[in-house]
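Take a look at these structures.
In the two complexes that follow, subunit A is the common piece, with subunit B as its partner first and subunit C second.
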Partner chain A sequence: MKMADASNAVKGADPRDAQAGHPAYASVGHPVLRPEDERHLHGAGRFVADIAWPGALHLAFVRSPVAHGVVRSVRAPALAPGESFWTAADLQDVARPIVAKLNRPGFQSAPYPCLATDRVRFAGQTIAAVVASSRARAEDLAEQVEVDIEPLPVIASARAAFEADAPLMHEGWSGNHFMKFTRTFGDFEAAVACAEVHLTRRYRMERLAPSPLETRGCLAVFDRAQGRLLFHTCCQRPHIQRDFLAEQLIGIEQHRIQVVVPDVGGAFGVKTNLYPEELALAAISIKLGTAVRWIEDRMEHLLSACQARENDEGVTIHANRDGEILALEAEYLVDGGAYSMLPSTSAVEANMSANVMPGPYRIRNYRATAMSACTNKAPTGPYRGVGRPAACFAMERTLDELAHVLGIEPHELRRRNLIAPDAFPYTSATGLVYDTGDYPPMMDTAVRAMGHGEVRAAQQATAPDARERIGIGYAWYVEQTAHTAKEFFARGSVVLYGFESARIKMDISGSLTIETSVCSHGQGHATTLAQIASEVTSIPMDRISVRAGDTDVVPYGNGTFASRSVVLAGGAVHQACGRLVERLRVIAAHLMQVAPGALTLGAQAVHGPAGTEPLPFARLAQVALQYVHELPDGIEPGLEFMSSYRPPVETGAFSAGVHAAKVAVDIETGAVRLLDYLVVEDCGQTINPMIVDGQVHGGVAQGIGQALLEEIRYDAQGQPGTVTLADYLLPGFGEVPEVRIEHQHTLSPFTAYGMKGTGEGGCIGGPAAIGNAVTDALRGLGVSVTRAPVTARDVWMALQAAGSRAGAGDPPAEPAYTWMPPQ
Partner chain B sequence: MNAPRDATIDLQLTVNGHEAKARVEARLSLCDLLRDSLHLTGTHAGCEHGVCGACTVLLDGQPVRACITLAAACDGRAVTTVEGLSGPLVDRLRAAFHAEHALQCGYCTPGMLVSAVDLLERKPGAEEDEIRRDMSGNLCRCTGYVGIVRAIRSCAQG
Partner chain C sequence: MKPAPFSYERAASLEEAVAALAVAGDEDVRVIAGGQSLGPMLNLRMVRPTRLVDIHRIEALRAIDVLADGGVRIGACVTHAMLEDLPSGDRFPPGLAEVLRHVAGGIAYRAIRCRGTIGGSLAHADPAADWPSTLAALGATIELAGPSGRRSVPAGAFCLGLFETAIEPGEIVSAVVLPGSGIRRWGHRKHCRKAGEFAHAMAVCIERDGERLEVWLGSTGGAPVAIALDRAALAAIGGSEAQQRAGVREYIAAALPDAISPGDAYARHLHAQVAAEAVNDTLANRT
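This part shows the complex of A and B:
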């Protein structure tokens, strides 16, 4: 089937920018449909597991069955010809252990070997690998491997890591922490002394698995003749992955490694790391001189891919009786797992939470303690939102508690503390520079759109013995996006993600190819980057193609993460297209014999003064690429323009949002039902509002998962209890309602078109907004939400403990959450 | 039946309207047969134990999880994968998924389409609640389901 004008179809004019008083654009700001869709709708997408490679062997890992122990022996299975077995000793001359570092005082590193050397530190850690002609055969052989492990005492929680008798997790460490620090900002003690109200609360956000539907996987092809490694993998940053591989592999430099990233089936941060599995696969391919494939199964993914959060938080707000926050104190204790992931480290969650806690509020006096504990669990690292969902949960839940204590409406309390519109650029207590924002109208929009007054009236009208109680809750966040080198340097990051690149090529027909350094895993870069190119050049979308994900093809850059691609890669496309257009003008001016300033651009042509024939791009391209004798003196032939965009401000463009949830809680069963969910978001000028809405909807679904369902569980022996998608529950059709979105467009002063990033915001507010709504519903019953996810069982147990009503008998089995009304 | 692990079975089945022959291990899944032997990689493995629905295909017109369906059980039967879906309803669904931004990374999309075709063939006038219930065997981690529900609803009659 041919899509009706697929690549260039527009769903209808988007009037929002004109309404907001911003210039209307021809392509930017329109909900252009995605050219990416067609291949996926026909099953023709190509993911890493789909790449056919004749003769490729298959690898399966032998993983630790215990959380902590010393590997005494590993016995190989009986191998047939062509099969091979690998342990750490076999790879030590090819691969160095991964060591993730952070340039911050007190940070402790430890080697994370691609196959365990002596100790295993979490259940699921790779011990050995088997290579055979099929995955099934490799798994059979892996089952036959005999591993003798002498168990060691297990650290199964962050608190246990700091107990006096806890075993030391890594040699030479001064305690079981990756990092811990306390920092004080402003005149903290004086502000506390002035405060009239001091409110302390504790919360916990459970451990999560980012869980893209496509697991990890790679296909390594070492070509002995060329001495080159071709490494297909599903990752978010091809060049950075190549750099890491070159750093870890002994005897092969970057220029002999090509990383190719095909379609990526979701990532959400989990595919930013260099994994031991990837390194082992590359090393084994080099050793064997052949192609080897590893496609992870879901159990491996839930055992050993990067996990996130597990953040225990303590918050104290010091305020006056009007609700003005005078000082804020927060403590984050994160269970970082057994090893730091390269490159973000296991300190990323606690450090980020500490850094962003003040959010949209005018808080000048702040003390933060961040501790990242090392335990016998899977390593942790970045997952969509990083640190912010937990910070938002603690901050916003406590604001509602304060509002309740002071007898102020929660939205009014927030309004009293929001940063004023005229305070931008605003430097936060922790030194973040918010470029622009206009927060109070967003609060007004949320309150109006949620029908706040009607909810309060309905609560008033609820009978005292009613079984179902409704509640409303809000949660704010700011989202730092598109920040670059200086900002990452300040955080102590070893890799500084300073820019993104684009190479624009015009061919002789006047059509365009964009080669970009960012790497989509569903964000629709082939659409948005082409929209920006179309805007600058007037070339229609269906004459522009976008290439990404091949280090031999695309220019160097850092990839896709941290809500940065549209601003930075879009900025690079904008800049490179500007150079192309300038060149076309110069050539046209020469051919027309007029000054370049007298020319205008439009409809794929350069237009001269009235009465002259416009020169189509195809004609100008012909001159630049073929009839070069017609070029003006001093102008090089060719129409390729490479641009690396480093924003003039390195601290980022700040998006913001407020989430609002309305829930019904059944106090017999503890079941929570989402009645309404609203997002008011501001990411400046949107390039494609349809894609922005998609990012919000998808993010909110993950936020709802965190709020109500998702939880990686370990027992006291460090044995994982959630190793399938039947145990680790992702929200489905019945759990995610149709989320409403309201937009505001406060432009960034320094980015092209005033755009800001928006990839993560959707998943930040859910646990806090829903936690606040559930608490609001249960006011007067002695129950408040302190944990995410908040399950029916939690609510039921809390109601029982408070002596409030709850059904008799056993607590409900988990999970009992559904958005759907009973059938 | 206690077939030895290395027992092989000769199969003949119809895949997307074409006859296919294969000699398979008794334990081979339909998903692996389709992907590895027949090179129909549009059927995606997401969880390999029947939860996520990414591998959904039609077996004699009924949706099944290819990851937990044994290839050996498909002898003499007809399999339709995303590559073989065709007809006016499928065309409308594909166009609607595109128009409603019902996919981001595209990994769950083949399974979603197969389940949606089955749903609308059974319930041509499905309302939103029915769509959400009947599609609940398919997971998407990117879209929040909004676009998928809208796309299917837009193809339902009435």
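This part shows the complex of A and C:
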């Protein structure tokens, strides 16, 4: 049975029908079923681990059992013929240590070797590698390796990194920070002096493991005869990965490296980095001149793949009694782990949090401190949302606290501070340029759709000794998407992600192949990009193929991350298809002997003036590719069009969203139950609303995980306590309710169709919305959420503490706020 | 995450399995049935047997029989899913099928229930498993087959501690035998942070005609623990539903052995809380 026949596209209600002045599209804006789902639903997807390569050897790493120490010796196991053992010394003539840099004052970088040279800095760091005929055999050998490590004192928290007796993590550093800065925007001091209320809160977001279904993995094949490295991997950016490999490997340039990315089972930012494991694998393949495979297991993933968040936050809001925010102060202290990941570095979380904090609010006076500490834990880096979940948590939780103090409904307090619709383009205090937005109606939609009034009434009607208390919470965010080179340059990024490319090929039958530089890890590019091509060319979806993930095939580009693919790769497809169509018009005009302007396009044909026979694309393709003697003078044969799209504005298209959660808290166990979850989102013109919904659903599941379950734990000796999924709890179907989504479409003025990216928004609002809802439920009991995840244990312990304080007649624990007389 | 090398044999009968367990020299032989706990432990190299004896194909161990005295004998390789799917209207003692269905259906996920077995769960004796406390409360006996024949151990005395049981070297859990007397009322509760997770607290309460309430706690970190519940004390607790639950909770909290989660107020509260819920369910329900 054929699952999803793309030609029988499901035509849903066009969201723009209600908006006057927007054209109705044939393909864009419709929830077309994804052709790529057929293979996945049949278990016929092909991931790195599925690639059969006769004779490929298997690699296992020897990892550090301690968090910090000096490696005194590493003794090889007893090897059988065909097996090999590798340490740093064996690879130093093939692979350079990874050094991630940021062009910002005060940023400190350090080498991250693919195998530890003299020191190990986190439990799980790679020390040696063993290659054998099977993974099991390689693991047998790996556990026979004797490693002598002299332990060093361990830094197990960001705060400990700054203590006077803390050991220095990296040679030559001026302290244990990757980066720290304080920046002040606007007339901060004056605004603070004018404020009537000053409210300070502290929060903590725990460390997360991004946890894609498919762990990391690669198959390196070095062909000595050709001198070429074929590197199969599951990454988000094939060309960037090739650049990184060429930079790190000694004596092999890009033109001799082919990166192939088959199906990827989720990435979420964790697969943007170049990892020591990947580099070691490539180096060993080159040394051996053979194929070597490393497929990461879940324990390795939870030990050593890029982790994220772990953000201690302090926020002070300076406001008027009517809730207008006059100034905002934020401090982010992030535990960045032992090394910076290439290329985003361990500073990415704190820097992003500080940069985006003002969000959708009209805040002109702002002071932010961002500190990224170096500790003896696994490295951190980008994970869907990067910094924004933390900024959202700090901002939105504190807004609810302010609303409570001032006696204003939280949604009303937000409405008073939202950027007005006529203020766009709006430049934020930190210099972000929001292209368009229309925020107040989104707040109205959320309040209406959540039945806010009914929740308040139900709370009023709750018996004092009721076991369950319900609460409602909101959280806002804006999401910068599809920003390009200048924006990354301004942030100090060494790699600048300026454009994406598409090559459009029409064959002699008139069907299309798109080669794109972005690389889907589940987003459905094969559908959305084909929809755009279909829209421009009138060619139906089932006659369009999309190819990606092979540096020998697709044009150069930067890949998929930072919510950019639809705008940039979609823009490139739009542009390249426009050129194809233009060429078809020119050929048709010549054949019909009419002016190109007199022609129209539709139903895979070029139509001339009334009474003439339309020329099907297949006929025009025949002329362009075969019967080239019929071409007009000066027109090259061939129908391949390459286009690299660099948007006219480099500061990005800004999507926005409000998340709303309704929860029930069991005060006898502390357990939180999600009763309702709503997302009101605006990503401009949606290309495929079903895919947008999917992005939201998946992101919300991750947000719920962070809000209620997920937490990487280390003990005081830097020993990880969460190395299996029995300890690191991911949300399942039981924990994720049906997510309701309301769409709004505020178009971007400078992107094709007015689209904006939407990859990350879904996971940003969860901790804040749920934290606010739990706090709302427990207002009368003196408990407020200060940590994500909100665990049943924390809630119950806080209820006990609040109960005993109340019993003793003590004030609430939180030194809430100070009042100043109005001036 | 691959197991250390081991040899493997599949037994066709219980006798063959018992014979295969006869250990030679420093061999470490383990029985594998559904493998839902042993599999991950092998892969994590937390256990490293030299030989595995697979019993899951032994048809005789997959039988559920109603005995002449009205009791029920469940073969060791009966899966949780088979118990979850027990047909109604059979000749089981009143209430028993409901309890088995409820408890089995709450174990982990369906995929795990389709392979995991009741005998394997008992032999593994993870404190957070559902069967040790449930079968103790149900007054079951565990049948063991060994080189010198068969013997039975009361379920309440079967689990001795964390991963520790009354199984002697060379023995295999062959069946669970449940008594034929009917269950009047019952309750089973557990607290998990997410569906399918190992429980942090678990309690089962069984009331038979004219008998006292059997209350057993699981997830204690060791063997299941019986709580003596005095009917008179229970009857004295009155008030609203919330007050009654609090009263039962306090009663159980007072009876909770000190060895359970010492120093962890929340964990101790949870044990009492789920036990109170199981007792309240029992008092409120009639099967």
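In this text, the second predicted complex is superposed on the first by the 788 of 823 C-alpha atoms of A that agree within 3 Å, B and C clash if a C-alpha of one lies under 4 Å from a C-alpha of the other, contacts with A are read in each partner's own complex, and residues count from 1 in each chain.
The rule we apply is simple: a residue touches a chain if its C-beta (ideal position, glycine included) is under 8 Å from a C-beta of that chain, and two chains touch if they have at least 3 such contacts.
Predicted, not measured: the structure shown is a model, and the values here were computed from it.
> Check the residue A:419 against both partner chains and state whether it touches subunit B (first), subunit C (second), both, or neither.
neither
> With both complexes overlaid on chain A, does A:465 touch subunit B (first), subunit C (second), both or neither?
So A:465 only meets subunit C here.
> Under the stated touch criterion, which partner chain does A:734 make contact with: subunit B (first), subunit C (second), both, or neither?
The answer is both, since A:734 touches subunit B and subunit C.
> For A:373, decide between first (touching subunit B), second (touching subunit C), both and neither.
Neither partner.
> Taking the superposition on A as described, I'd like to know which of subunit B and subunit C A:123 touches: first, second, both or neither.
neither
> More subunit A residues touched by subunit B or by subunit C?
Touching more residues of subunit A than the other partner does is B.
> Touching A:796, do we find subunit B (first), subunit C (second), both, or neither?
After superposing on A, A:796 lies in contact with subunit C but is clear of subunit B.
> After the superposition on A, what does A:47 contact: first (subunit B), second (subunit C), both or neither?
first
> Per the contact definition in the header, classify A:62: touching subunit B only (first), subunit C only (second), both, or neither.
So A:62 meets neither subunit B nor subunit C here.
> In the superposed arrangement, which partner chain does A:298 touch: subunit B (first), subunit C (second), both, or neither?
both
> Do subunit B and subunit C land on any of the same subunit A residues, and which?
Shared contact residues on subunit A (touching subunit B in one complex, subunit C in the other): 134, 136, 140, 297-298, 724, 726, 732-734.
> Which residues of subunit A touch subunit C in their complex?
134-136, 139-140, 143, 297-300, 465-467, 668-671, 709, 724, 726, 729, 731-735, 791-793, 796-797, 800
> Across the complex, what residues on subunit B touch subunit A?
Listed in rising order, the residues are 5, 25, 27-28, 32, 35-36, 39-49, 51-52, 54, 81-83, 86, 90-91, 94-95, 97-99, 101, 103-110, 113, 129, 131-133, 135-136, 138-149.
> Any idea which subunit C residues touch subunit A in the complex?
1-5, 40, 44-45, 191, 193-198, 240, 242-243, 245, 265-266, 269-270, 273
> Which residues of subunit A touch subunit B once you look at their complex with the stated criterion?
1, 3-4, 6, 9, 11, 33-34, 36-47, 49-50, 52, 134, 136, 140, 211-215, 263-266, 268, 297-298, 521-524, 690-691, 693-694, 697-702, 724-726, 730, 732-734, 736, 738-739, 820, 823
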